[in-house]
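This report refers to the structure that appears directly beneath it.
The first chain written gets the first letter, and so on, giving A, B and C; residue counts start at 1 in each chain.
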Amino acid sequence: MREAASDAKSGGLTLSGLTKHFGSFTAVDNVDLDIQRGEFLTLLGPSGSGKTTLLMMIAGFLDITAGDILLDGRSIRDVPAERRNFGMVFQGYALFPHMTVRDNIGYALDVRKRPRAEIAARVDEMLDLVQLTEFGHRKPGQLSGGQQQRVALARALAFAPPVLLLDEPLGALDKKLRIEVQDQLKDIHQRVGTTFVYVTHDQEEALSMSDRIVIMQQGRIEQLGTPNELYEHPRTRFAAGFLGKSNFLTMPDGTYALRPEKIDIAPGGQMNGTARLTGTIRGITYFGAVQKLMVAVEGRDDIEVDVDSWRNPHALREGQPVDLGWSDTAAVRLEDT
Amino acid sequence: MRVLGRHISPGWLLVAPLLLVVLAFYAGPLANILWLSVTDPEPGIGNYQKLYQTDALGRILWTTFRICLITTFFSVALGYSVAYAMVHAHARNQHVMLTFLLVSFWISVLVRTFAWLMLLGRNGLVNESMEAIGLISEPVRFMRNELGVLIGMVHYMVPYAVLPLLANMQTLDTRVMAASRNLGATGTQTFWRIYLPLTAPGLIAASLLVFILSLGFYVTPAILGGGKVLMVAEYISVQLLVTLNWGTAAMLGTLMLFSVLALLWLMSRFMQLSAAFGGGATR
Amino acid sequence: MQDKQFMKETLIESAHAYKAGRMDRRSFLALCGMAGVATASVIAGDAKAAADHVVMWNWGGQSVECHGSAIGDAFTKATGLGVKYDTSGPLEGKLREMVDSGNVTADVADGDLFNAVSLGPTGHLEPIDYSIVSKEKTLPNYALEYGVSIILYGYAFVYDTEVYGDNPPKDWKDFFDTAGFPGTRALYKWANGSLEAALMADGVPGDALYPLDMERALNKVKSIKDDSIYWGSGSEVHSMCVNGEASMAIIWQNRGRNIETDTEGRYKLVNNQAMAMPGAYIVPKGNPAGRDAVMKFIATAQEVPAQLALLDCLGMTPSNPAAFGEIPEDQQPYAITSAMNIDKIVYNDPVWWGENGSEAVNAFLDAIS
């Protein structure tokens, strides 16, 4: 279902050797990246990792120090922002406060001097897409945060851009609302088929929405892959630690990342020799569905173990000696050690 | 006391002495002016009737209004450019520019007025230079006329226009302008459709400030106008100190006061004044 | 009245204009001040009058020193009373305000004789006691009920010799003849002197000026309006001449002298048909030192030594005829009642100005603006 579809033949982006210096500081360092037409790609990283700088270069708001950006094979390096035809949802939405919702959404078509009727029809369509039909004549200030976010999305999609850039669009929303909007966003992405390039520092957001995730650190791509690949097979300590939680185990042949939920735990001596480590429960934190157990192991850092609350058969207590075990595939050897 | 306390916040008690001082030394004299305007030289509205009975007053008020309006237009237009340049300048240059702006506040109006005479007077730098290179054969009359008054007043008022505009522009979310560009609007379109409307509160505040301050201008018109441009402030002063027509002076003072109040009221119908002067935020 | 400006300017020269400037900008405040809160004490400064001295209200600057040496010393010697000064300038409006507020802090004001006509009948001035002050020690028409002329100043004009070197203007007729003498004229903005000059230019004899034919005078003034600029202070007309803006300018004699000096003779003073203006001492009603003391002070100022000292120190011409003959040679061209000038001059009528000055000023302002 692609009723609001963009020109589906367009929207493939190639970044090659993309670099940005601010004085002596390198914000983006020689990034090569192919973004597939119609995919939902997330740039994930902590603040200062260069993800927003990268997005701003794609949008055309920042000059490129070195490298190139290609849209469907053609360089857009020298195309100014207003002629790139990329939609963008800004952090804080950047709606036009003096215009109605309708005028906000119709703006891109209006500045392109499209006929009034066409604009009105398209605005109706977009309002429908983001389920704000009732709110067309309000000003942005009269809307809730979630509604504003949807207006920003509709505004950016109204001119059917081949690429939509989203800069932490959910950052201002509370957690519950954020999850709701994530679903809507994903749904809209599927309906319009536009290439989404999404910047966030929220790993859960990245995992739940993206086709592929780029983990960035210090201006470089740390790892690129589907959510599942990244979660199951982190290549670096940073990737393993940033996307989900990991215990790091130093073994004779290197460092392994081990997700807390993949560890079996039993009272000391009950694992019948399959125990890989033994230790003592130092603390238990209850989260409802899961409990986090911190296990002190002699000669190592504390190991975190997640246990489904309903499955905690042993009624483990603080101070209790425990055995820890895991399957061979659970621990992933990291390449950067 | 306790009953009273329930209705009056204790905060009022703290500011009460100050309020009394304000009432006594501000509202009191003001009321006295109103009183004078209907009692001097004799009780009645004779002073106000002069407004339409004599051409002179009408002409003075019209001159004042016209000059203030033109001054406001050019001051705010120039101030807008200056503020825009300042907001978009590098932080270090911004400091330098702000310093120059503030320094200009400390230069007395008289010094500036005479500086203009030296620069644009009959034998001023500009006329002499233009004559020397053969551009003109007769000195251009920049000064001692209405043009001179406008030049002097606009020059004085530009910094006053800059400050509210600067305050307004600094609060703008630059992402909004970026959004406009991103949506395909050119720089010009972005300016007219987004930037200008968003700086409307600053424009209104600056215009009000400049217009109201211009109403009280005295020295500049008196000197640069060569005596031919008589504005209401100078006229009030003359009636007050020279011809002793205190009733006329009070009437004109009252008129100016209520004109300014009416202006503010009118503006408040369209927007929150506190927003215009950088108080509360409005959407 | 407005010609206080003359003394003010004479005494303090250009720096003074700053003060005027600041005052002017706050005309709205002045309006509030008019409402009568505490202004009297502000105006009076700290020279509070009491029985052991008189307070002289003058225009500051050199006048404190000159009034002290010319009048104060002799007065103290004769009466044992001291003299203090309030230098805030006794504008007519301020004097009225002082008396109305009931807080009279000055004994004698260095004013104009027409102030005596306008403020006397309204009860703002003490009458002059002519048993102490002498009517003979001033010009015949200048000893009025509420004020007596102590000095004279006058309106003459200067012209630019570079413009009119071959055919210099010699009277007001030439001054108003912009066809025969092309060039910019500078007139006094507050009507005084400008009106009389216009009438003389239009053919009215100098001894038949009053009552002024306002319509005729204003028509004459308007006839050269396009070629006129108007000045409100001595420093202003001074700069108009020094900068070459005005080819001819109505001017006070002593200011004319300064301009001659500053332009190294390029501008020249013409005293023909110059108008003598009586500067006068007036006494605010209910003055703190009492009538007797202040009348003695005024009488002291009438004496020939005081008169000559004022001329020497301030450039103010004696009004006591006994002093006319004793004006030194080098002061003669700039003293309006000197032997050199006295036959060419006309006399201002303070009574007409006191009674009609307000209307005249407003009509003049209306005509030129």
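Observations
To be clear about the criterion, contacts are C-beta pairs under 8 Å (C-beta built on N, C-alpha and C of every residue); 3 or more make two chains touch, one makes a residue touch a chain.
Keep in mind that this is a model prediction, so the values were computed, not measured.
Of all chains shown, the one whose average CA position lies nearest the global CA mean is B.
Looking at which two chains touch through the most C-beta pairs, you get B-C. Separating the CA-averaged centres of chain A and chain C is a span of 86 Å.
Chain centres here are Cα means. That of chain A falls 53 Å from that of chain B. Between the Cα centres of chain B and chain C there is a gap of 35 Å. On the side of chain A, the complex with chain B involves touching residues 59-61, 80-88, 90-92, 94-98, 107-108, 111-112, 139-142, 155-156, 159.
Of all residues in chain C, only 1-2, 17-18, 21-22, 24-25, 27-28, 30-38, 91-94, 96, 118, 184, 187, 189-190, 225, 228-232, 236, 239, 243-245, 357-359, 361-362, 365-366, 368-369 touch chain B in the complex they form. Taken together, the chain B residues at the contact with chain C in this complex read 24-26, 28-33, 36, 55-56, 59-60, 63, 108-110, 114, 117-118, 121-124, 143-144, 216-219, 222-223, 226-230, 233-246, 249-250, 253, 256. Taken together, the chain B residues at the contact with chain A in this complex read 173, 175-176, 178-187, 189, 193-194, 197-198, 200, 283.
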